[in-house]
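Next come the structures, one after another.
Both of the next two complexes hold chain A, though its partner changes from chain B to chain C.
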Partner chain A sequence: MQPDAHETGANTEAVLEVAVLVSVGRHPLTGRARRADQDARGVELAKSLDRAHVTLLHAGEFDAESESAMRGYLGMGLPALTLVEQPHGADVVPALARALSDAQPQLVIAGGRAEQGEGSGLLPYLLAERLGWPLVSGLADVEKVEHGVATLLQALPRGQRRRLQVRLPAIVTVDAAASAARQSAFGPARRGEIEVEPAAVAWDEAQEEWSVSPARKRPKRLKIVKATSARERFKAAAAKAEGGGGQVLTDVTPEQGAEAIFKLLKEEGILR
Partner chain B sequence: MSEILRRDPRREWIARNRLHPEHLNVLAELGGSVGQGTVATEWMGPNGVMRKNPHAVGFIGPNGIKRIDRSGAQQAAAAGRGAGQASAATDDRRRVAIEAPAFLVAVVPDMPGGRLSSHDRDLLGLARQLADADDQRPGAVLAVVFGHHKEGAFDEAGVDRLMHFDDALFDGYAPEARLAALAAVEGELAPSHWLLPDSKLGGADLGRRLAARLQERPATGVWQIEPDATAPLGWRCTGRGAAGTTDIQRALPRIVLALPECAEPVAETRHGAQPLALSQPLPRLLARIEDLGQVAVDPAGVALAEAEFILSAGNGVKDWEGFHHAAKVLGATEGASRVAVDDGFMPRDRQVGATGTWVTARVYVAVGVSGAIQHLQGIQSCEKVVAVNLDPGCDMIKRADLAVIGDSASILAALVEMVERQRGEKRDAA
Partner chain C sequence: MLDTLLPILIFSALALAVIGAVRRVRLWRQGRPSRVPILQGLAAMPRRYLVDLHHVVARDKVMSNTHVATAGGFVAAAVLMILVHGLGLANPVLGGLLLLASSAMFVGSLFVARRRRNPPARLSKGPWMRLPKSLMAFALSVFLITLPTVGILPEGTGSWLLAVALAAVLAWGLGEMFFGMTWGGPMKHAFAGALHLAFHRRPERFSSKQGGGRSTGLKALDLDDPKAPLGVETPSDFTWNQLLGFDACVQCGRCEAACPAFAAGQPLNPKKLIQDMVVGMTGGSDARYAGSPYPGKPIGEHVGEPHGPIVARRGTALVDAETLWSCTTCRACVEECPMMIEHVDAIVDMRRFLTLEHGDTPGKGAEVLDNLIATDNPGGFDPGSRMHWAADLNLPLMRDVGQAEVLLWLGDGVFDMRNQRTLRALVKVLRAASVDFAVLGVEERDSGDVARRLGDEATFQSLARRNITTLAQYRFQRIVTCDPHSFHVLKNEYGVLGGDYAVSHHSTYIAELYESGRLHFAPWKGGRVTYHDPCYLGRYNGEFEAPRNVLKALGIEVAEMARSGFRSRCCGGGGGAPITDIPGKRRIPDMRMNDVSETGAELVAVGCPQCTAMLEGVVDASAEVRDIAELVADALVPESESRRDGVRQVQPTAEARIAVKEVAS
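Up next is the complex of A and B:
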């Protein structure tokens, strides 16, 4: 949208410099290039920040495929994207580290892992180690940024959340727990500029020795029954799930029963 | 003992003649090691042939009819030595002690809730594969555990050496402190392999930090390893790449992040789990990430399938107001059995069981649920099950780790009161 572009242009007193690392995704069914899901969530998170100046950064080849993917990010309402040009099979960490140390953003947001190539999710960690910045993974939200300290909300398994404070500059990664990305609009995607920057190339030699094949279905683990007699085998095959050795309290007052349950909940660390 | 078999023809004759007054005594003597009071059914004859006394087989059942129980379960229980024998039967695992290991395989288990998860056990099985590959050079499995734990069976899981960092420093989200401890372990012991579970916010985070710190390229999402003489470490691994859509086969690096079910857990051996400590204390470091603790989330908003703590209601619940209040105070997600849903007391999306949701809660409290087989299937993967029920014979009681027989409404009310009182004390103290 046109007004959006004006807004970011006029917002010169933005205090928080945010860089979002984006990559070329791969559609799980068609295999076509697209904006990567987790990276798009990262862009969404950056857009939701108050008074932030968001820049997009990508390191990789510049061809028709990557351009369509990059335009997917631009369509989320950003005027420009910096593409650090790296050939296929290059190690992008040195180039990205150099670009980030030149730009000096306060907060770097990246997706948890790529949808192509090795997809090990190692890149943010390597960047953090190289730049000496703290890293927080699995972010759900950024609550606020004040006086160089960001208050973050980390997504735990089972729908739980944890509040963290981290000193900036920092790198954070988002995954599927962050809020879903907005739709990419066609107009801003066409209008957005991709600024291609050349950079020194470091080759990733180890990767050439690997053999990569489409994912094989993993063998299903069989239930192993170690029984010595026919009776045990039958019991194992026909048994209902039984805890075994459970404690049964009969003839107790409600208070005693509640006490026992309370003790168990305390031991498990469930009650807060 | 001499090799010559001595025969006593008279005793053999008595053993054959069951009308002889000393017949039972002689049989017992011949039976030898078989316990007193029971008649021997089998013994080694003088010529090395097994002899059987079919009349002594079996026992007199409750109706006065002779029963033969070939599994031995009933007879042993009747003789009062069932428990001892059963435990001896299950505990025949080979004891393995590795005194001078040729190398170390370090494993950093996640220990969610202070216990080894099944993922951790699989990983320890993988570590045993690496450690036991060469009989001449046995390696030892070192488990590095952070914070307070409740696990008592490290030896059964295959741990030879246990390094326990028990400090408040490592509680909560403390990746920097943990990383510093692992780096100290690396500096002092230099394990030849590092294995971590590739689980979100656990080993996946810590393992990648460790790899970046040690400047080693890890293999992530590993689900299979095979011996390979051409590889530098003698192993080849297969791991998932590109968001799980490709398999990458490569030589096994030093740091491995493995998926669940990467190997079979250890079952046949029992290991030392000797405690091990670093010679120097860990250096203090300034944490740049501060954990402000968990945020209270609305338990009703958590999907039932992934809720950690479920309070489930069945047909036995009559006081629904009290039940909802208890769930709110305890901070539990509400579940229900089919009957409670069918009767309209709970919405359909709260139904637990084969026809509803398969839950994975760590603690499952079933109030007035009798435990239909479909319901028990739905709670198969729950760790701790607490049952509150009036009927002491129901199936849920058999499944439960803790069962309280009594009126559910009054027990829940007492529990709520106890929790509120404790919270009040905490607030007063603070």
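Up next is the complex of A and C:
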């Protein structure tokens, strides 16, 4: 908090403007409002950047639940959070896009998906589309930012990492591969200011037509192991999950690609 | 010549002492305000000194007598000396008394000197090593200058050289005793100690004519006032009487000898911690400290100042965070401290700042606190599954019955399979005695003990307030629990938040049931048994007798450990220590299990889920760990009533358990 203020004041070098989009999380067991895990990892990533000026942005209602969650982020050591006020049932994408294009941050960090609401993980994509900025998903780290180009480390399955360069401004999302969020402390959480900004409301009409029911655990395809010895069972358990049945399509027309995806969905019984 | 020199010497020493005292008081006054009744405190001070302090000192008879002779002799000699030699009241009676006082002091100082010949490791060296010589210098010179007063020696005996030499020795003695007392010498303990007793932050802990006092609950933070500091960041954030208390330390190291973390080689030494607080209060480095260091941390690398941080966010300041997190809050140091210093309060105050402001609780601390906030239990279990362990027991819920004689507080042990055995045993006992009891079931939450001791006062108060609201809905005569931590918090720490309850530990309650003839036991057939006093039951709440009475009723003769009762050694499970898990050279429970095996016991009776978990975690233990409730449940003589309930108790018998052990080993 204080170091941030100091750096913005004293440093003549360009300060990296970072906005972190944070949402109201939901504890999986008790359903209590909390800082969402992935968004908190996003804040952690922002706080680990050198010479960064971090702002927190949340679009939603202001009530007791959302306040406790927002204070959870403030407790990580940030002086303020901007709340773009949106009523329940509003589509927050236009409001967030407007707030971001007003604030002009160079880097926007968001969690991969929310813990409640639609939780589709599409919000960063919709924002990127609307703002015309590139998007990188599943970030593990931001290695450096130089001359408006960020060098990013993207997390791939099984601990693999891919180094990417992206021209700023850009949107990046983090998931469980990013480093865990620091503890949220009561003092800074209590002192932190929530700056409420009114914003135009666009209603999410599609959502009104949906019926929402609690999610069930997704069925998981069982791995059938036909092993006769302990050694084979161990090998099977330790083996990498092989894709096996998939196919890689290159140089195909969008129609051909769509056809292939459609066929696969039929085979898997997802589309009937 | 001495007649003119003596008053000058005495009054200049007194004047310097007064200047030093003013300076010292200003150092203490850097602390935050704390309201204490000044006059009442001063009036209570002699009793607190003669009764409470002496009660602690008298645990070491030789040292106690030494101190009586030395300190008593000194106080009397100082007063008489001012009268006789300072004000010139050369009365033979006063002179005779002065001779007597200085001789007593001299004899005392001989014992002090003997103790300093081969001092135990816990004693600080440095300036303390010269103290016996200074005491002797004072006593001897006062004795000699008084001889002419009473006429044993004629006036003007000896040459002027002798007089000068005598004056020089007296100046040394006066320097140590008067000047050193307020300017930071070893005698500071007398000046600061007396005032510390008068203005103690916990006046309730001192005994009164009605009986012994006790005050062990942590003080609440004011969370409603956004300007009130959250714990202690700098030495000046302590209250002034806490700073005064640190200054009273006599560096006897009894705390060090009792501290389980120090013995385990974790980087904590209560004596050094208190000295570091003094260093912080005066400003400077710990290089002049002449006692045992924090294990593994060399002396001279830490510096502090009154308004500087105690724990640095990066690098080093006055104290390292791991020193504060090594404490198990077992209160062994507080119990042993003859100066009535409150080490645990200070440690928790500093932890509060680290957790509430830095958000820097080490180890699994952050995770445990998050769990407590989100699920009301430290393990992060589904609060709806709180009663799964008792699915077959058909326990009456408060929500259904509304009132009961006894509210059985289960604690977070409900999620622990080992503690579930204890709880089932306790239910069996209560049913055997036909106790009208009920449980809160899923309405119960963690008591807040661990959150508070990890410094998270906000989460503690949130849990406590919600528990108090729940408890307010029901009528019960008392709360019974098998968890001494919940017991302590419910009994001593909910009061200021508006929850006053009669709370009993299950051992106390079982003892009462037995005495009223509601329980009948079969005679004990097992082997040797010892009993481990949980800190939060014994030292915190003074319950040493009831568990022993229960064991006696079972026909068990307890083979006591060397450290038992108020000197019981901690199991290592308190104060969130297993959560922060600061590494040491040994494990505290291993040391405790060694204590157990020294008694030759095959079984150690405990009365605390934490102690059970810690002691059972010891590899290759020589003794089995059983809760008192389990021993009682096994010894119950079956009665027709328990069968009528239709609830079958599945209790593995002691024989079955031993058979399993044999197969495993």
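The rule is short, and it goes like this: the second predicted complex is superposed on the first by the 201 of 272 C-alpha atoms of A that agree within 3 Å, B and C clash if a C-alpha of one lies under 4 Å from a C-alpha of the other, contacts with A are read in each partner's own complex, and residues count from 1 in each chain.
Basically, a residue touches a chain if its C-beta (ideal position, glycine included) is under 8 Å from a C-beta of that chain, and two chains touch if they have at least 3 such contacts.
Everything quoted here is computed from the prediction, not taken from an experiment.
In the superposed model, A:137 lies in contact with chain B only, and not with chain C. Of the two partner chains placed by the overlay, only chain C lies in contact with A:182; chain B stays clear of it.
In the superposition on chain A, contact is made by A:250 with chain B only, not with chain C. Touched residues of chain A were counted for both chain B and chain C, and B has more of them. Touch criterion met: A:156 reaches chain B, while chain C stays clear of it.
When both complexes are overlaid on chain A, the residue A:191 reaches chain C alone and has no touch with chain B. Of the two partner chains placed by the overlay, only chain B lies in contact with A:166; chain C stays clear of it. Common to the chain B and chain C contact sets on chain A is no residue at all. Across the complex, chain A is touched by residues 70-73, 89, 113-114, 150, 172-173, 175-176, 200-201, 204-205, 208-209, 211-213, 217-218, 220-221, 223, 240-251, 261, 264, 267, 288-297, 301-303, 306-309, 330-331, 362-363, 365, 373, 376-377, 379-380, 384-386, 388, 392, 395, 397-407, 410-415, 417-419 of chain B. Taken together, the chain A residues at the contact with chain C in this complex read 27, 29-30, 32, 34, 75-77, 182-188, 190-191. For chain C in complex with chain A, the residues that touch the partner chain are 226, 230, 355-361, 365-366, 369-370, 373-376, 380-383, 456-458. Chain contact summary for the complex, chain A toward chain B: residues 26, 28, 113-122, 125-126, 128-129, 134-138, 151, 153-154, 156-167, 170, 175, 206, 209-216, 218, 221, 224, 226, 228-232, 240-243, 246-255, 257-262, 264-265, 267-272.
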